[in-house]
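My questions will all concern the structure given below.
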Amino acid sequence: MDQFLDQALTPARFALLLGVGVAVLLIVLGFVTYAIYFERKVLGWMQLRIGPNRTGPLGLLQTVADVFKLLIKEDTIPHKADRGLFILAPALAFVPSFACLAVLPFSENLQLANLNVGLLYYAALSSITTIAIVLGGWASNNKYALLGGMRSAAQMISYEIPLVMSVVGVVLLSGSLNLRNIVEGQLGGFWNWNFIPQIIGFAVFIVAAVSELNRTPFDLPEAESELVAGYHVEYSGFRFAFFMLAEYVYVFAIAALTSVLFLGGWDAPLPVLDIIPGILWFALKFSFVVFFLIWIRGTLPRVRIDQLMGLGWKVLLPLALANIFITAIVIELKDAFS
Amino acid sequence: MYNNQYVLVAIFVALGVFLPVAALTIGRWLRPARPVDEKYTTYESGNEPVGDSQVRFNIRYYLFALMFIIFDLETVFLYPWAVAYGKLGLFALVEMLIFVSLLVVGLIYAWKKKVLTWTSI
Amino acid sequence: MNALQAGDLIHLLPELILVGAAVFLTLLDLALPRRFGRSALAWLTLAAIAGSAAAVAMKLGDEPVRLLNDSYRIEDYANLFKLVFLGGGALVVLMSIGSIRDDEIPHKGEYFYLFLPALVGAMVVASSGDLITLFVGLELLGISSYVLVGMRKGSGTNNEAAFKYVVTGAIASAILLYGFSFLYGMSGSTNLGAIRNALIQNYEQYDAMIYLSFFLVLAGFALKVAAAPFHAWAPDVYEGAPTPITAFLAVVSKLAAFAILFRVIYNVYALNSHLYKDVLLALAVLAAAAMILGNALALKQYKVKRLLAFSGIANAGYLFVPLAANFSLTHYNNFSELLYYGIAYAVMNIGALAVLMAVSNRGENEELSAFAGLYHRAPWTAAAMTILLVSLAGLPVTGGFFGKLFILLGAMQTELYWLGAVMIVTSVVSFYYYFGFIRQMYMRSSGSTPLSLTGPLAVAIWICTVLTLALGFAPHIVIGYMTDLFQLQSDFLIG
Amino acid sequence: MNDLATPYLTLGAILFCVGLYGALTKRNAVIVLLSIELMLNAVNLNLVAFAKLGHQPSLQGQIFSLFNMTVAASEVAVGIAILIALFRNRGTVDVTEMDSLNK
Amino acid sequence: MLADWPILSMLTFSPLLGFLVLLFVPGSQGRAVKTIGLAATLLPLLLAGWMYVDYNLHTREVVQYTEQHTWIRIPLAIEGDLTGVSDYYLDFVYKLSADGLALPLAFLTTLVSAMAALAAWHIKKRWKTFFLLFLLLETGMLGVFFARDLFLFFLFFELTLIPMFFLIGIWGLRDRERAANKFLLYNGIGSAIMLIAFFIIVSTAGFTFSQADGNTTLFYSGDLDVILANVFQNTQSYVNQAFEGSPFYWSGEMKWTLFILLLIAFGIKLPIFPFHTWMLKVHAEAHPSVVMIHSGILLKMGAYGLLRFGVLLFPEQAKDAALALAIIGVVNILYGALLAMRQTEFRLMLAYSSVSHMGVVLLGLAALNATGIKGAVFQLVSHGLISALLFLIVGSLYERTKTTEIPQLGGLASSMPFMSGMLLMAGMASLGLPGLSGFVSEFMAFLGLFGAYPWVAAVGALGLIYTAVYVLRGIMGMTFGRAAAPAAADGELRDARFLEALPMIVLAAFILLIGIYPTVLSYPLEHTVDGFLQQLQAAAKMGGS
């Protein structure tokens, strides 16, 4: 794919690229559909329930049915809402979530765009969604929605800082922002993976990532019990669906990113296991992260907002900063002794 | 060099725009439209909505936005530094330490001034 | 590529002292319980400034140090300016001590540790030989001053002034930067010397763009120094700001902008044989406009700070004259003209504002009438003010007189007779409003009680007065020292 | 200079002029600040375009634009902080009502 | 003997001795303050008198006293590249000298100052400040007459400005502040224009080269002798020779510009016709003792400057403009006299009369011959004395009657014969009665002009008739007219006390002395004016070649 991307662009090649894009889109949609199903199932098991089991075999078509329900649901836009922004917000939430998938390397051979600033690209695009959420909350002209939107904004910007800073340690180690290079720096067994030298960074990253996803225990923007769903309280039908879609696409993206940055990407945990294709290792790690996210949701209660902000600024940020310098100093020491 | 990489990125963005547009358009054909005035009122736990909801934001939000800008911009400088760190040597570390410690002073300042303590809902 | 080395930090000692002090003061202010007064911070600020000034003074006359490919230069041009900034800053701090009311400025600590970065900004500006460094310094100075102007949070006028200052400052920066972007585009470098060489080589190719960049840069700087016709913000901001900050803006900010304006104009444009005539003409026109408008608008003012703002605009015009006077066979000392008048302007303006602070009844009456009968209330202060005003008006034997004299002589030597004439005539017009103070002080009466000055304020006033007189009686010492020290080739030109 | 730069420069010029116009004429102070951002972004666009397509392409333009962003952000942050204080005292963000000075 | 001492500095700064003493006397001690102030003006009077006598003892040399020190030497550019010159300096030279022109005027200054200090006995408030400023002013005036360096001259010129501003503004009548403002603005503009001209002169003609161990050094200075040497003595100097890009050359236009600038600058002070309004206000509003100084000396500084820096530095231009100058002078005379006739306020009448009399000075200068110039100088001294005397009397009168309206002042002769007599005498001197100083000066000035422009002189002589008319009408009305004012009628008006009479007598004595024995003034002037004429001829020769 790499060589192919460096060649001159012809209509045929463009069509091929388009095909790749559509394929990814379909994969992602499929993932979302089944991630939701999976989440409900896992949560059910954790709470000693069964979870969805009626629609289709084992309830496998439950989410599909939900989607169709949303599709044919009547769409209402409140009179008091700001119509233009109200319509714009869900789309704006979705676009960056999907676009930031373009840089993720899935395996040695399966890589979409290979940008030299891949990590920066991801960080930059993912923060646009915040705007969409605030916009949705504001445009609804509803008190709950506004509160949800504002909370979401505060939370997202607060956790974006530790998120991007925790990655600096990884960048220091690999000396590149290219996600592929970052993975290549970790090849050769799990002891090379970044989560070991970067354990602080990894912890900060995971916590911040969960918060960025607005998932429990950090789901304050849409806390059903206090804000009756927060920023999307006025949304219905497919507009609502796009907020949800964006959220789950981000789950996909973050899981992939975690695998890439800290868990060695497609690298096998032991060099012996190299015979198993990289894409499978990647899928395994990816699935583990997704499961981990659901697991947290099933285990931890929602935090209070002041705890949330305090955690971000007073704990995670100093930790992330400390991590950067510890990493840098260790690198210097290593250089000095070798 | 990377030109085509960005073509791919552009395709992703285009698809990202295309999907909502297409889905919502299809939805419009499929979904019913039976407008009743009550449907279009703002939800306020079943009560008649009181006043305008686009109220002034709490000042806290602004303070956090400010903090965000400061530290987000810090990372703007951290990233290039981290990428080039291997070539820069020890003194680059010292320089970055000076830079970051100045910002940490800012963080301490905000902390002490109770900016980081959330008091609103 | 020569990267910064640890050893180079010693050259940055003056700046580092101030930064360190600012950090230390911040932490100290946070750590000290509320019941301790904050005046200790002020004295520490003063000590830091003194330390920094000593560090600068030790470097005077040394070989120029050029850090990071000439982007930061420690040479006599910069050092002399830095000394002026630090001196002015120290006087402003003196003014502030004990005269900032608790209710006026809720965060006294911040006042002082925001002041130091502003000074550092001015110093960086004077030292920079690179567009990026220059811009960062300018903004450090600017942003700190925005906050300082808006320090009185509860006062609407104060906030208004601060907001106006932010908006104009930001617009000025944007215009300036837009000009810089073209300079960069034409040369591929941000180093002033490299830009000059590139412009000389590529003149034929880009002449329109060169002129565009010149006018943008000039407009940006003119906004920063409040030269007419880009002056509209100055009176409002000066009036709304706390008085010491007004002094800071009028003196340190303005001189810092002049320091770099001089450097940029001469390094980039005026040494280009295609350009220099137009460049100097533009500067001369700007100078004349500032002198005429500033003095004309000051005539009608009865609010002292606005009046001094307009007088500051006029003074900006005077300071533009050495820039507009080209180097010629017999004229080579634009720098000492600029700096000498800069020093004189600094002391007389700070002094006048300090007196205003003393008489304004804690900021309640800042109109001319506050000076009524000052002669009866405080004869010595009135005498000091008289000297300062005489200097502002440019009458002998004061610093202001000699400052203007040198500038005029330069203008005459380069045959800018018309500009010299404008300068002299507008100076005479200025007599009217400067003597308006004198009329108030000596010829009006006010029944109120004797004026009491706080110690530091009195010290500030008298330092300014004595310096004004000293500059009048012994100008040759100062100017001779500057001329001996300053070597155009090594201390000023970049690349 | 590379002809490819022209569209970028034109866009930059348009942005700059729009920003300047907005900064000078708009009544709402927030929009004034936004307009200033627009001007600064025009500068960034110029710098980045020149860094790639200028007379002598170099990295400094990009570095310069990084500094610009930082400075622009802090400038506007301070601007809004002051605006908030002003709004608390006055209850308006209309620039045409900021005329208490010179009265 | 005197020449061994820095006598000029001593004289110039002698008033400051009193200034220093006064600083330490509490302001509440009114009597002590006044006494010290007065004493401080007597010291310079004595010195000046002594010098005057000493000068007259050996008048063969024009300049007998001179002092020179380089006060401030400012290095200009080190890196300039005028061929062969390595260093540039700007010198401020402290150079005083006295010739037959400066000395009489300096003596006049000290005399009028002392008399004015006596007249100031009546001021009601803030004596200390008054005398401090007064003494400062006297130093300034003396310095103006002695200064031989353009910058120094300017410095002293400005030094008179500020004290005068205060003196008018604090101790004047009701509209004093406007008067002070007007004074400041007009004179400020005048000195500004003068400064422009001086600057151009210094930065072109004020150079000296000096060579020491292979290095050539260029000094700029305002030293008048240096400038004269460059302009007149050295025909090959850079001032007179054009070369490409020369920063020194004086072209014809340049000379004309400078001459006109100086004419305007000093014309404002003099005052020449359209620029005279400020001085009316000052005459009408200032305290009489201040007006004595103002009318008696400050106006003379303008004429002095015009002669010294205008006519003598640019003789060619002066010659070409002589007719115009003469006409301006006549306009001054007629305008002043006509308007003086229409005044009912005595002060204003005197103010217009001053305008008229200063026209005579212009006439004398325009003649450009020995008689004319001497006449002009005579007129300066004579008018200084007369107007001082007149305002001294006005001050005393005002003290008593609280008015200076002529119709309300009738019949003074009965209640105060001495003062009326003095008034009469001053009036006679003013209208040029033979035997009094006014006659000599006007006679000489007109005689000079008749030699040059008879028709203009004839028209000007008309003005003399008008002068007689208004002086007689005014003064006769006041002294012998119908007793109109109730104040004058009730007989409470005392005649002059001793302290008032003394200065009147002294001034009158000098008026009489010059009228009867003009040699006392013309003797020292003789050689000085000869020197001037040589200078004029030298210039003419140079212009011809």
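Per-chain numbering from 1; labels A, B, C, D and E assigned in written order.
Everything below uses one rule, namely that a residue touches a chain if its C-beta (ideal position, glycine included) is under 8 Å from a C-beta of that chain, and two chains touch if they have at least 3 such contacts.
Everything quoted here is computed from the prediction, not taken from an experiment.
Student: Can you list every chain in contact with both chain C and chain D?
Tutor: Of all the chains present, those in contact with both chain C and chain D are B.
Student: So with chain C out of the way, what's still stuck together?
Tutor: A, B, D | E
Student: Report which interface contains more C-beta contacts, comparing B-C against A-B.
Tutor: Answer by contact count: A-B.
Student: Report the most central chain, judged by the distance from each chain's C-alpha mean to the global C-alpha mean.
Tutor: Of all chains shown, the one whose C-alpha centre lies nearest the global C-alpha mean is C.
Student: Among the chains, which one keeps its Cα centre farthest from the Cα centre of chain E?
Tutor: Greatest centre separation from chain E goes to chain A.
Student: When the centre of a chain is set as the mean of its C-alpha atoms, what distance in Å lies between chain B and chain C?
Tutor: Chain B and chain C have C-alpha centres separated by 40 Å.
Student: Can you check how far apart chain A and chain B are, centre to centre, with Cα atoms defining each centre and the answer in Å?
Tutor: Those two chain centres are 14 Å apart.
Student: So how far apart, in whole Å, are chain A and chain C when each is placed at the average of its C-alpha atoms?
Tutor: Each chain reduced to its C-alpha mean, chain A and chain C end up 52 Å apart.
Student: Counting in whole Å, what is the centre-to-centre distance of chain A and chain E, each centre being its mean C-alpha position?
Tutor: Here the centre of chain E sits 93 Å away from the centre of chain A.
Student: Of all residues in chain D, which are in touch with two or more distinct other chains?
Tutor: 74, 81 - these are the residues of chain D that touch more than one other chain.
Student: If two chains touch, include that pair; go through all of them.
Tutor: A-B, B-C, B-D, C-D, C-E
Student: Report the residues of chain C in contact with chain E in the complex, numbered from low to high.
Tutor: 328-333, 390, 395-397, 406, 408-409, 412-413, 415, 417, 420-421, 424-425, 427-428, 431-432, 435, 438-439, 442-443, 474-476, 479-480, 483-484, 487-489
Student: Quick check: in the complex, which residue numbers of chain B touch chain C?
Tutor: 88-89, 91-92, 94-95, 101-102, 105, 108-109, 112-113
Student: Which chain D residues qualify as touching chain C in the complex?
Tutor: 1, 5, 9, 12, 16, 19-20, 23-24, 29, 32-33, 36, 39-40, 42-43, 46-47, 49-50, 54-58, 60-61, 63-64, 67-68, 71-72, 74-76, 78-79, 81-83, 85-86, 89-90, 98, 100-102
Student: Name, in rising order, each residue of chain A that touches chain B in their complex.
Tutor: Touch residues, chain A against chain B: 4-7, 9, 13-14, 17-18, 20-22, 24-25, 71-81, 90-91, 94-99, 101-103, 112-116, 119-121, 138, 140-147, 150, 153-154, 157-158, 160-161, 164-165, 168, 171-172, 175-177, 228, 233-234, 237-239, 241-242, 305-306, 308-310, 313-314, 317-318, 321, 324-325, 328-329, 331-332.
Student: Please output the residues of chain C touching chain B within their complex, sorted ascending.
Tutor: Residue positions touching the partner: 3-6, 19, 23, 26-27, 30.
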